[in-house]
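Next come two complexes, and both contain chain A; in the first it sits with chain B, in the second with chain C.
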Partner chain A sequence: MIRLILGRIVSSIPLIVGLVTIVFIIVRLLPGDPMTIYISPAVPPAVAEQLRAEFGFDKSIIHQYGRWIWGVMRGELGFSFTHQRGVAEVITSAFPNTLILAGTAILFQLILGISLGLLAVRFHKSFIDKIVSVGGLIIYTLPTFWVAILLLYVFSYTLGIFPSSQMHSIGADEFGRIEYLLDLLKHLILPATVLALPGAAAIARYLRTNLLDVLHEQFIINARSMGLSERKIFLSYALSNALIPTITITGTTIGILLAGAIVTETIFSWPGMGRLTVSAIFARDYPLIIGCTLVAGIVVIIGNLIADIMYRVVDPRIRTEGL
Partner chain B sequence: MKYIYRLLLVSLVIFLIISGCTERTDPDRPDIVIIGIPGDADTFNPLFATGITASQIIDMVYPSLVHSDFDLEDGTISYHPSLSKSWEHHNDNKHITFDLRTDAVWEDGTPITARDVFVTYKLYGNPEIGSVRQDALENFLKNADGTPDIEQSIEITDDSTITFKFESAYTGQLFDAGLPILPAHIFETIPGEELRTHPVNRQPVGAGPFKLRSWTPQQSVVLESNDLSVLPHPATLSRLIFQVIPDYQSRISQLESGEIDMMDDITVEDAERMERRRTSVNITPMPERRYYFVGWNNIDTEAYADSEGQTIQPHPLFGDPDVRTALTLAINRAEMTNAFFGDYAREAVGPIPPVFRWAYDETLEPLPYDPRRASQLLENAGWEVDDSGILRNGNTRFSFTMMIPSGDHLRSMMASTIQQQLREINIEMNIEQVEGAVFLQNLMRKSYDAWIVGFMFPLELQIDNLWGSDFNTAYFNFVSFQDERVDEILARTRVLYDTDEAAPLWMELQRIFHQKQPATFLCWVSNIVGVHERVKGKTVDIHGLTHRAWEWYTD
Partner chain C sequence: MKVFVKKYFNFLLLIFGLVVLYSTLFKYTLIKQSLISLFFTIISIAISPHKAGEFWNRALMEYWVAGLTYLFLVIALLVIIVKIENLKILISKVFTQRNSVSGFYGVVSFVLISLLAPVLAPADPYAQGDLATTRLLQPFTQGTMMIRIPDAPPGLEEKNRIEKIRRTANNYLLNRITRFTRSDEYTAANEYHTSSIIFILGTDSLGRDVFSRIIYGTRISVGIGFAATIAAMSFGTFIGLLSGFFFGFVDKILMRFVDLFIAIPSLFLVITLVAFLGRSITVLIIILAAAGWMGTARLVRAEVLKLREREFVLSAKLLGVSWFGIIRSHLIPNVLPVILTGAILQLGNVILAEAALSFLGLGTQPPIPSWGNIIGEATPYLRIAWWIAIFPGLALSLFVISAHLIVEGAQEKIQSI
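For the complex of A and B:
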C-alpha cells in the first residue's frame, strides 16, 4: 500500500508541473500588461519600470516561469497584487474554509445519497422509488446557482432559518466554543447542501442500481439458502458490495466539489478557494490564479488517490491484484 | 430499515438544534452598522491601498492634517481642522504653515507630532517605495531628477508647527497636504523593501475616530470606536462592520432583509422597486460624479504611433469639430440616459459635473438629438453617401470600430444603441470588446479611434490631466484634445482661490467644449445608496459612502 501511495505521488508530480506550466503560459500570454491596473499613470515612468522589475514583469516569460518555479521550490508562490500579501499566505487563509465546506458537503452527500438509495431499494417499484430515481436525475442536472438561489429564497429570506452568507455571524468571535461551532454549522448547511445535492443524487441512483443487481446475485441466494438472517445478508453481503462504486464516486466528486465551490462560495460569500479564484481571475492577479490552480490540481490528485486507496481497502480483489 | 428512519430522525433533530440554537442576525443590533461590500480591502497602508473599501477605512483610522466636506448647495469643497488646529497661507500662497493639535495620540498612546507628518510624506515621495499616492506630490519642490524633495518641501519648526512649500500656488494644496498620516515611530523602523508586505499593513495603528478591531480576509473588516481619538472624537457607533458579499443579488437581498444596513451601487431597477414597496431601506442617490462619454480620437492614431508620438495631425474621421458635432447630434443622449439610469442620471453637456454648481454652466443646453442636422453638417464637410450606403469623403469611408471593455454590459448596450443611431446617418460603426487591462493600455497609447469610457470625477475641480494639451502630464487625455485657450483657463483656474473669479473661466471652458465637441458627453450618473432606516446621522456627500461615519448612530 505504501508503495502504491509513493508511486502515485511520484507519478502525480509531472502532472501537476504540466498543469501549472500550461496555466502559467496561458495567463501570461494574455494580451495587456497587468501592471497597468496597479500602477497609477501619475507615477513617473522610472518608478513604474522599477515596480515592473520588482514583480518580474520586465523579463521574458521563460525567465518569469523559472523564477516562479524556483520560488515554489522554496515554498513561495509569489505576491498577490490584489491582496498585497504573499500568495501562499492568501491561500493558507482560504483553503481551510473550502476544506470545511467540501468536507461537510461530502458528508452530506454520503448520508443523503446512501439513505435515499436504500429507501428506493426498500420500496422498490413504489412511488418513493420513482421519486428517488426521477428526482435524483432532476437534481443532478439542475445548475448549482439556481439551486443555491432557490434554497436562499426559501430558507433564508422567506423562513429566516439559515443565514444567507458568510461563515460566521457578526460578533461570533465573542461566542463560547459550542455556540461558535453551532453558528458555523448554521452557516454551513445551505452552501454544503447545494454542493452536496448533485453528488447525493448520483450516489442514490448508483446505490439503488447496484444494490438491486447484487440482491439477485448467486452468492445472496446461497446466503439465504444457508439460513442467514435477511439483516445480515443485506448489511454484510449486499450493501458492502453495492457501496464500492460509491467510494469511487466520492473520490472523483472532490474535483466536482471544488468546481461547484466557485459558484457556491460566491453566492454564499463563503471565503474559500472558489471565491478566491474567481476574484483573482477578474482582477488578473496572475500569481494568485496560478497558485489557486496549483492547489486545486493537488487536491484533485489527492482525492483520486484517496479513492484508489479506499477502493483497495474495501475490495479484496483489487487489493490482491495490487499486490 | 429501521436505522434509515433513525438516521433521518437524528438528522432532523440536528437540523432543528442548529437552526434554533443561534439567533437570526438581529437587525436591531444597537450601535452597530454593517455595510455590504463587493470586495475585500487590499491593504490598510495608504502608501499602497488602491481599493475603495481600503481607502474608506484608512480615512477613518489614520489622521490627516485637514478634513474636507462638500457643500451640495453651492458645490464647493471646504476644509476643516483635523490634526491641524489652523493653517495660514503665505509667500504668495506658495507656503502653508499648519499649527497641529498637541493632544492627539496614536492608538498606542504615543503623541502625534510634526515629525509623523514629515516621515509620512518622505515615504509617499520615496520613488523606491512607489506609493500609489505619489501623484499628490506633483507640485512639491523637486530634486534635480524630478522626484519630490521632501526635505525642502516640508519644514518642521517644532513638534506642533510644520510648513509645506509648493512649487507654485494652486487650489489643490490642502487636498495634497491632507493625505493620511502614518505613525513615524513604527514606520521608521521598517526597511523600505519590506513595507509592501509588512504585517503593520494589516494591523494599522491609527488615531482617527475608529480603530481596527479585526480583519478576516474575504469575510469582514470590523472597526470599533477609538476611545483615545480627538480627531474629531471617538465614533458614536461602537462598531462599523464591512461585510464582504461578492454577489450583488445576495447583497441586495440582505439589505432588504436587514442583515446589512447599507450598500451602494444599487441598480436603478432595484432602487425603483424598493421605493415602490416602501421598504425599511431609504434610497439615497449620491450626487453625480460618475460619467460616461464617447471618445473620438481627435488625432491620427496611425501617424502618432508610426512617429512614436512625434506627429500630431487631425484624425481622418474625427479631426474636424463639425464632424464630431454631427456625431453628437446623431446620438440620442437624453433617451439613453433615461433608458439606462432613469431619474438617477442627468444628460451631460461637457466635462464639468453639475455638482460643482458654482462652476457648472446651467445655461448651456445639451445639443439636441437631430440626425437631419447631423447629416447636413457632414455633407457640408464633404461627406457623401456612396453606393454601399455609407458616407465617403474621397477615399475615406466613414467606418470605424468602437472599443469597449469586455464584460461591461452597460457599455455594450450603449455601443449597440449608438451603432444603430449612427447607421441612420450612413455611418458604419463596428463594436469590439477587449479585456479591461488591454483597453486601458491602448487608451493610454492613443491607439483607438473611438471608445466609451466611464470615469469618476475627482473631488477637486481639476481637469488638467484629462484635457490638458501636454500629453506627458495629461495622461488621461485619451481623445488627444488640444486647445490653447483651454490650457490657459486650466492654468489660471489652478491658482484662483476665489470661486467668483474662477467661475466665468470654467463657464468659458464649457462653451469651448460645447463648440468643439472633443468627445460626446453622455451622462452624469448618481451612485444609488440604500440605507436602513435604523441608521441615523448619515449625510449625503460626494466624498463617498462612509463620509463622517463617526457621527452615525442607530435607533
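For the complex of A and C:
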C-alpha cells in the first residue's frame, strides 16, 4: 500500500516540473523580458542594464530557467506590486479562505448528492426519482455564474436571508467566538451551495444508477437467500459498492475547488485564490498571476493524486492490479 | 419512436413557419434590402471582377447571411411540406433517441438564431436613445423606436442603374440609425420614422434592448463555440491518431504532454493566457481551443488502440497500404462517431467557458454582446433589474442542456453498437 502511494507521488513530480516549465514559457511569450514592466522608461539605460544583471536577465535562457526553478523550489515567486508584499505571502494569506469555502462545498456536495441519490432509489420510478434524474442533468449543465446570480437575487436581494458578499460582516472582529462562526457560516452558505450543486447532481445521478445496477447483482440475491437483513444488505453490500464513483467525483472536485473557484469567488467577493487571480489580471500584476497559476496547478495535481489514491484504497479490484 | 419524431418534427415545422412569418411581417424591408444588396453585389462583381475589393464589405456580411438563411428557410419549408415523409425518415435514422431529437432541435434553433440575427432582432443591439426614459425598463414595456435612413451618398446620378440600386440598399443596411424613446418631446425634436416597439425582455443600463442583444449575442457565443470546438477537435484528433498509431515512444511523450495540460485547471490556464495574450476574439478562440483538445486526444487514442488490432486494419497493413491510407480509410471513419459525440459535449463546455470569461470581463469585450458579457454588465444592476442578467443565462443554459441531451442519446447508441 505504501509502495503504491509513494509510486503515485513520484509519478506526479514530472507533472509539476512540466507545469513550472509551461509557466516559464508563458512568461517568456511576452515581448521583452519581465523587467520591462518594472523599469520606467525614464531610467537611464546603464542603470536599467545594471538592474537586469542584478536579476539575472542578461544571462542565457538556460541559466534563467535554472534560476526560475530554483526560485520556485524555495518559494520565491517574486514581488506583487499591487499588494506591496511578496507573492508567496499574498497567496498564503488568501489560501486558507479558499480552503474553508472548498471544504464546506465538498461537505455540502456529499450530503446533498448522497441523500438525493438514496431518495431516488428508495422511491424508484416515482416523482422524486424523475426529479432527481432529470433535474440532476439540468443542474449539472447550468452555468455556475448564472446559478450564483440567481441565488444571490433570490436569497440575498429579495428575501434578505443571506449576505451577498465578503467573508465576514463589518465589525465581525469584535464578535464572540460563536457569533463569529455563525456569521462566517451565514456568508458561506450561498457560495458553498453554488460550488456544491454540480458535484451533488453528478453524485446523485451516479449513485442512483449504480445502486440500481448493484441491487440486481448476483451477490445481493445470494445475500438475501442467506437470510441477511435488508438493512445489512443495503448498507454493507450495495451501498459500499455504489459509493465508489462518489469518491472519484469528490476527488476530482477537490483539486478544482481548491485551486479557487474563480467565478464564484468573484461574484460573492470571497477573498480567496480565485478572486486574487482575477484582480491580479485586471491590475496586470504579472508576478502574482504567475504565482496563482503555479499554486493552482500544483494544488490540482495534488488533488488528483489524493483522488487516485483514495480510489485505489476503496476499490480492491484496482488495488490488486498494481500500478 | 416514430410517433415521437413526428410530434417533434411538427414542432420544428411550427418554429420554422413562425420565424418566416414573423420576419416577413416585421422585417420585410430589411430582408428585401439585404437580398437586393447581395444580388447586386454579385452582379457588380461578375461584371467587373477586377474591382471586387471595392464591392466587398465585411459589415454587410451579416445581412447577406441573414437574407440567404431566410431564403433557405422559405425553400426548406416548401420542400418539407411537399416531401414531408422523406425527411422524417432521414431524421429518425440519424437521431433514434428521443433526448437526442430534442437536443438536436435545440442546437439547430440556436444556429438558426445566430444566422438570422439581423432579421430576428427587433432592433439594433447597439441602439440607444433617450436615456432618461429608456434606461432599465421592465420586460414588456412599450416604447417608440425611431429610425432614420440618411440621404444616399452623393454622386449617384452619373452612375449606372445597378450601382445605384446597390448603393441605396447598402446605405439602408449600413447607415440606418436607430433610437429608442418613451417621451413625445424627444420624438418631436428629431426627424425620424417612428414605430412602436415592445421591449420583450426589457432594456439594460444603457437603454439597449436586451432581447436584441441576446439574439446578437447568440451569434458571438455560438460562433466562438463552434470555431474553438472545431480547432480543438482537429488538434486533439491529430494528436490522438499520432499517439495511437505510432504506439511506443511517440505515444509516451504525447500522453505525458496531454497529462500535463489536463493537470492545469483549464479556467486558470485560459485566464492566464488571456492575461498575457490580450482579449481579442481570435485570441479567445485559440486559447479556448488550447484548453480543450486533451479529452479528444485521449478518446481518439483509446479508439485507435482498439482498432489497430482489428482484422481489417491488420490485413490492410499486410496488403501494403501506407500508414496514411490506413489512417484515412480505416481509422478516421471508425473514430468519427466518438469524435462527433465528444465535439458536441465540447461545444457546450467551450460556450460555458467563453461565457464565464466574458462574464469576468476577460473574454468578448463590450459593446460587442455575448451571453457572458451581457450578464457581466448586468450584475451591478441585479438588485434593481434582474431581467438583464437572467435571460441571457437562460439562453446559455438551454444551449448547454441541448448539447448534453444529444450526447446522452448518442452515447447510449454508441454503447449499444
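In this section, the second predicted complex is superposed on the first by the 277 of 323 C-alpha atoms of A that agree within 3 Å, B and C clash if a C-alpha of one lies under 4 Å from a C-alpha of the other, contacts with A are read in each partner's own complex, and residues count from 1 in each chain.
FYI, contacts are C-beta pairs under 8 Å (C-beta built on N, C-alpha and C of every residue); 3 or more make two chains touch, one makes a residue touch a chain.
Remember, it's a predicted structure, so these values are computed and weren't measured experimentally.
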Exercise for review: Name the contact category of A:Q166: first (chain B only), second (chain C only), both, or neither.
Suggested key: first
**Study point:** Contacts of A:W146 with chain B and chain C, given as first, second, both or neither
**Key:** second
Exercise for review: Kindly classify A:Y157 by the partners it touches after superposition: chain B alone (first), chain C alone (second), both, or neither?
Suggested key: both
Exercise for review: Would you check which partner chain A:L19 touches, where first means chain B only, second means chain C only, and both and neither mean what they say?
Suggested key: second
Exercise for review: Name the contact category of A:G297: first (chain B only), second (chain C only), both, or neither.
Suggested key: second
Point to revise | chain B versus chain C as contact partner of A:I281, first or second or both or neither | key: second
**Study point:** More chain A residues in contact [chain B versus chain C]
**Key:** B
Point to revise | Contacts of A:F79 with chain B and chain C, given as first, second, both or neither | key: first
Review point. First (chain B), second (chain C), both or neither: which does A:Q50 touch?
Key: first
Practice item. Identify the partner contact of A:Y311: answer first if only chain B is touched, second if only chain C is, both if each is, neither if none is. Key: neither
**Study point:** Where chain A meets both chain C and chain B, residue numbers
**Key:** 30, 149, 152, 157, 266-267, 278, 284
Revision key, fill the gap. Within their complex, chain B touches chain A through residues 1, 4, 7-8, 11, 15, 17-19, 21-22, 24-25, 29, 32, 34, 39-40, 42-43, 45, 48, 50, 127-128, 130, 132, 134-135, 138, 146-147, 196-197, 201-202, 214, 216-220, 241, 243-247, 249-250, 253-254, 256-257, 259, 434-438, 440-441, 444, 465, 475-476
Practice item. Note which residues of chain A are touching chain B in the complex, please. Key: 30-34, 36-44, 46-48, 50-51, 54, 79, 82-86, 90, 93-94, 111, 115, 118-119, 122, 149, 152, 156-157, 160-170, 173, 179, 182-183, 185-186, 189, 266-269, 271-272, 275-276, 278-279, 284
Point to revise | chain A residues within the chain C interface of the complex | key: 14-15, 18-19, 22-23, 26-27, 29-30, 137-138, 140-146, 149-150, 152-153, 157, 255-256, 259-260, 262-263, 266-267, 277-278, 280-282, 284, 286, 289-290, 292-293, 296-297, 300-301, 304
Review point. Can you list the chain C residues touching chain A in their complex?
Key: 256, 259-260, 263-265, 267-269, 271-277, 348, 352, 355-356, 359-362, 375, 379, 382-383, 386, 389-390, 393, 396-397, 400-401, 403-404, 408
